[in-house]
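Below is one structure. I have some questions about it.
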Amino acid sequence: MAIHGYDPEITALLVIDPYNDFISEGGKIWPRLQAVAEANGCVPHMLQVLTAARNSRIRVFYAMHHRYRPGDYEGWKYIAPIQKAAWKRKSFEFGTWGGEIRAEFQPLPGETIVAEHWCSSGFANTDLDLELKKHGIHQLIVIGLVAHTCVEATVRYAAELGYDVTVVRDATADYTEEAMHAALDVNMPNYANAIVSTAEIVGSIAAMRPTLVETAGFD
Amino acid sequence: MAIHGYDPEITALLVIDPYNDFISEGGKIWPRLQAVAEANGCVPHMLQVLTAARNSRIRVFYAMHHRYRPGDYEGWKYIAPIQKAAWKRKSFEFGTWGGEIRAEFQPLPGETIVAEHWCSSGFANTDLDLELKKHGIHQLIVIGLVAHTCVEATVRYAAELGYDVTVVRDATADYTEEAMHAALDVNMPNYANAIVSTAEIVGSIAAMRPTLVETAGFD
Amino acid sequence: MAIHGYDPEITALLVIDPYNDFISEGGKIWPRLQAVAEANGCVPHMLQVLTAARNSRIRVFYAMHHRYRPGDYEGWKYIAPIQKAAWKRKSFEFGTWGGEIRAEFQPLPGETIVAEHWCSSGFANTDLDLELKKHGIHQLIVIGLVAHTCVEATVRYAAELGYDVTVVRDATADYTEEAMHAALDVNMPNYANAIVSTAEIVGSIAAMRPTLVETAGFD
Amino acid sequence: MAIHGYDPEITALLVIDPYNDFISEGGKIWPRLQAVAEANGCVPHMLQVLTAARNSRIRVFYAMHHRYRPGDYEGWKYIAPIQKAAWKRKSFEFGTWGGEIRAEFQPLPGETIVAEHWCSSGFANTDLDLELKKHGIHQLIVIGLVAHTCVEATVRYAAELGYDVTVVRDATADYTEEAMHAALDVNMPNYANAIVSTAEIVGSIAAMRPTLVETAGFD
């Protein structure tokens, strides 16, 4: 793959579903992600990318899954299997620790949390596209969970909507290596303009750092 | 206009922006709406329509405007005039009484509040279309505020997205009679399938009431 | 209103519905538009703005209404009044002169005609947003027909989706002065960042012209 | 999986990309699909499902990929890898045999071809959602090409937008068995309410056939 360039003015980091239920010890779904996530260092890598983005003043957006609330689905005539599972499991239950963003990933002032998504794509039925447009963003760096569901869905939508997308392959995880492989190696190469490692993207982001040159005066 | 029919299975009431700031004594924007709203009995009519819908088990959805929160707009490169005004005015400020739904209009269990809209249309950048689809809704009865901004925008979007729309002309209000006229008489007749009075729609809704016939047995 | 700036890199001209049926002598709907259009010089103004944009290498996009084809509406369960009228009137009938773009407004190579819209907004159910994103556009200059239907609908959608919008008030027209006034003076000031004359926008566009400096050599 | 029911009033067949380039001997991309498609009988199965739908008066919609035209991509600042490939390959070139629907799959009067999609999802930037709403459709039966790109993308979008989706597993194909498996077994079970064989769906569709009972009179 050729070198992929970034323009800091139009680049944002998109963090998908950094909920305790997903990526914290004790979270409801963590046991299913743990093997793959620990093997590739997903959580520390996510943090490295986030820190790099903040240091380089790259804008940060959070695409968060719908947090379960009682009554959400009772009146629905149609429901996708993944929604049925979230209902049964009460994933990211509103008002519980599992439905909170893991402490190290708490948004800072000036960072944007968009409306919760109901299925898998951070764009579908939310204001993510609007917020990106309002900030003039065209290039997305994507990290988070889960590779073959929310991450892939968001990457596919981003491509459909016209964004340039980079996925960080060791800052995501999945329930099995097979699902991870389907997402990263079979599907995303059609939609992501670059699929890179944390080390690579941290280097690219550092290169976008605003130059602060203070000339020392003479006295 | 010919008689417009409703099928209760696919009909919903859509209540737009029943915030204290809009329709309660003491609300920030109420003084600008008061003259038109009191002249046509907007608030009591809204309540009559809501009550009729509940009595007939017509589904109720709430399309609510974004509540102002500090930091919302600071990073935006592009902003519409109506958003600039909402920013300056801190309309429907989150955590304040003005940003609460007026007491009589509080949603009941089983009613759906969709994600807040950022501009005027209840559909744009929200899950309103999704929630309507999930409930199998194709016909909308629309009430609320403000006629030529959020109500008209939502009606136009509804028509663009394929819904059958009814507007209740004395269950909405506006800043001036001229703006009210532009919305109800110039623009909406292109997009709304029916524009009716509260008395008319309450009659239509009552006719949709599920029949509960219990035959008393003999003993 | 403060001076509104344009960045040529992210600015496009959007031409709405320059069909013969609308703006040519002999067109089906021209008789209804003629009075307002001739009073404000709509058609020559549209051409001036288009020419200015081309001279300054501002990108040009065409948002075109659905051209009537037999069978379009027969299976629809729900239809907006404006669609019913287009059906009955066979507006912009496919394969007829009325459904062709007026000769002087023919797109040039490199200009983009987006998918036809079914109701009024050039964005709804089309690839307009995608094409604008793909070209990096954030600022739109809007001309065309009809002020209170397709033009207003497109302006409202543009604002909802996050674009900065300028409307050229004497490069649009309407069926009545009242409808024109409702669009330009009552509604659009909420959504358009600037509403200007042809003379003003032609000046702004000329200022965006790429500078071509040829230094004369000495001999 | 439990038995999945269909209501003929709200069910449609969605045929994705039945272009000669994909599924006809001599098509540009057929050589890449041939092995998987012949192994599972994809093309005859597609035809069986289409015929069954027509016999049962189930509505048919066609979601067609953008046909290559010169100038499509030259001005784009951002482009997805799958679009770059379509550009280079001139897939489904407009005006050529490869860009025509394979003869046996030609739409009949009353069937709907929606606007062409630019990436993979039949919904993105098109009028597919609108046409489905206008016909009151909530349940989709999906057949066509290619399993892990356009079919999966359309299925994912359908689920995001609120539709009930059935995929016919032997009426689709892919470039490799691995990609087919990723689509049908890893990803789609999250989004499709049923994944069935042609034999199964043909049975379900036949059961939806309108009953035509003519009682023979006595004479």
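Note that the chains are named A, B, C and D in the order they appear, and that numbering of residues resets to 1 at the start of each chain.
As a convention for this text, a contact is a pair of C-beta atoms (placed from the backbone, for glycine too) under 8 Å apart; a residue touches a chain by one contact, two chains touch by 3 or more.
Please read all numbers here as calculations on a predicted model, not as lab measurements.
Participant: Taking contacts as defined above, which has more of them, A-D or A-C?
Facilitator: Output for the comparison: A-D.
Participant: Using mean Cα positions as chain centres, tell me which chain lies farthest from chain D.
Facilitator: The most remote chain is B.
Participant: How many angstrom lie between the CA centroids of chain A and chain D, rounded to a whole number?
Facilitator: 30
Participant: Centroid of chain A to centroid of chain C, CA atoms only: how many Å?
Facilitator: Each chain's C-alpha centroid was found; their separation is 37 Å.
Participant: Give the residues of chain B touching no fewer than two other chains, as numbers and ranges.
Facilitator: 77-78, 118, 124-125, 129-130, 133-134, 136, 138, 160-163
Participant: Report the residues of chain D in contact with chain B in the complex, numbered from low to high.
Facilitator: It comes out as residues 129-130, 133-134, 136, 138, 160-163.
Participant: Quick one: in the complex, what on chain C touches chain D?
Facilitator: 59, 71, 74-79, 109-110, 112, 115-116, 118, 124-127, 129-130, 133-136
Participant: Residue numbers of chain B touching chain C in their complex, please.
Facilitator: Residues 77-78, 80-82, 118-121, 124-125, 138-139, 148-149, 152-153, 156-157, 159-165, 178-179, 181-182, 186-187, 189-193 of chain B touch chain C in their complex.
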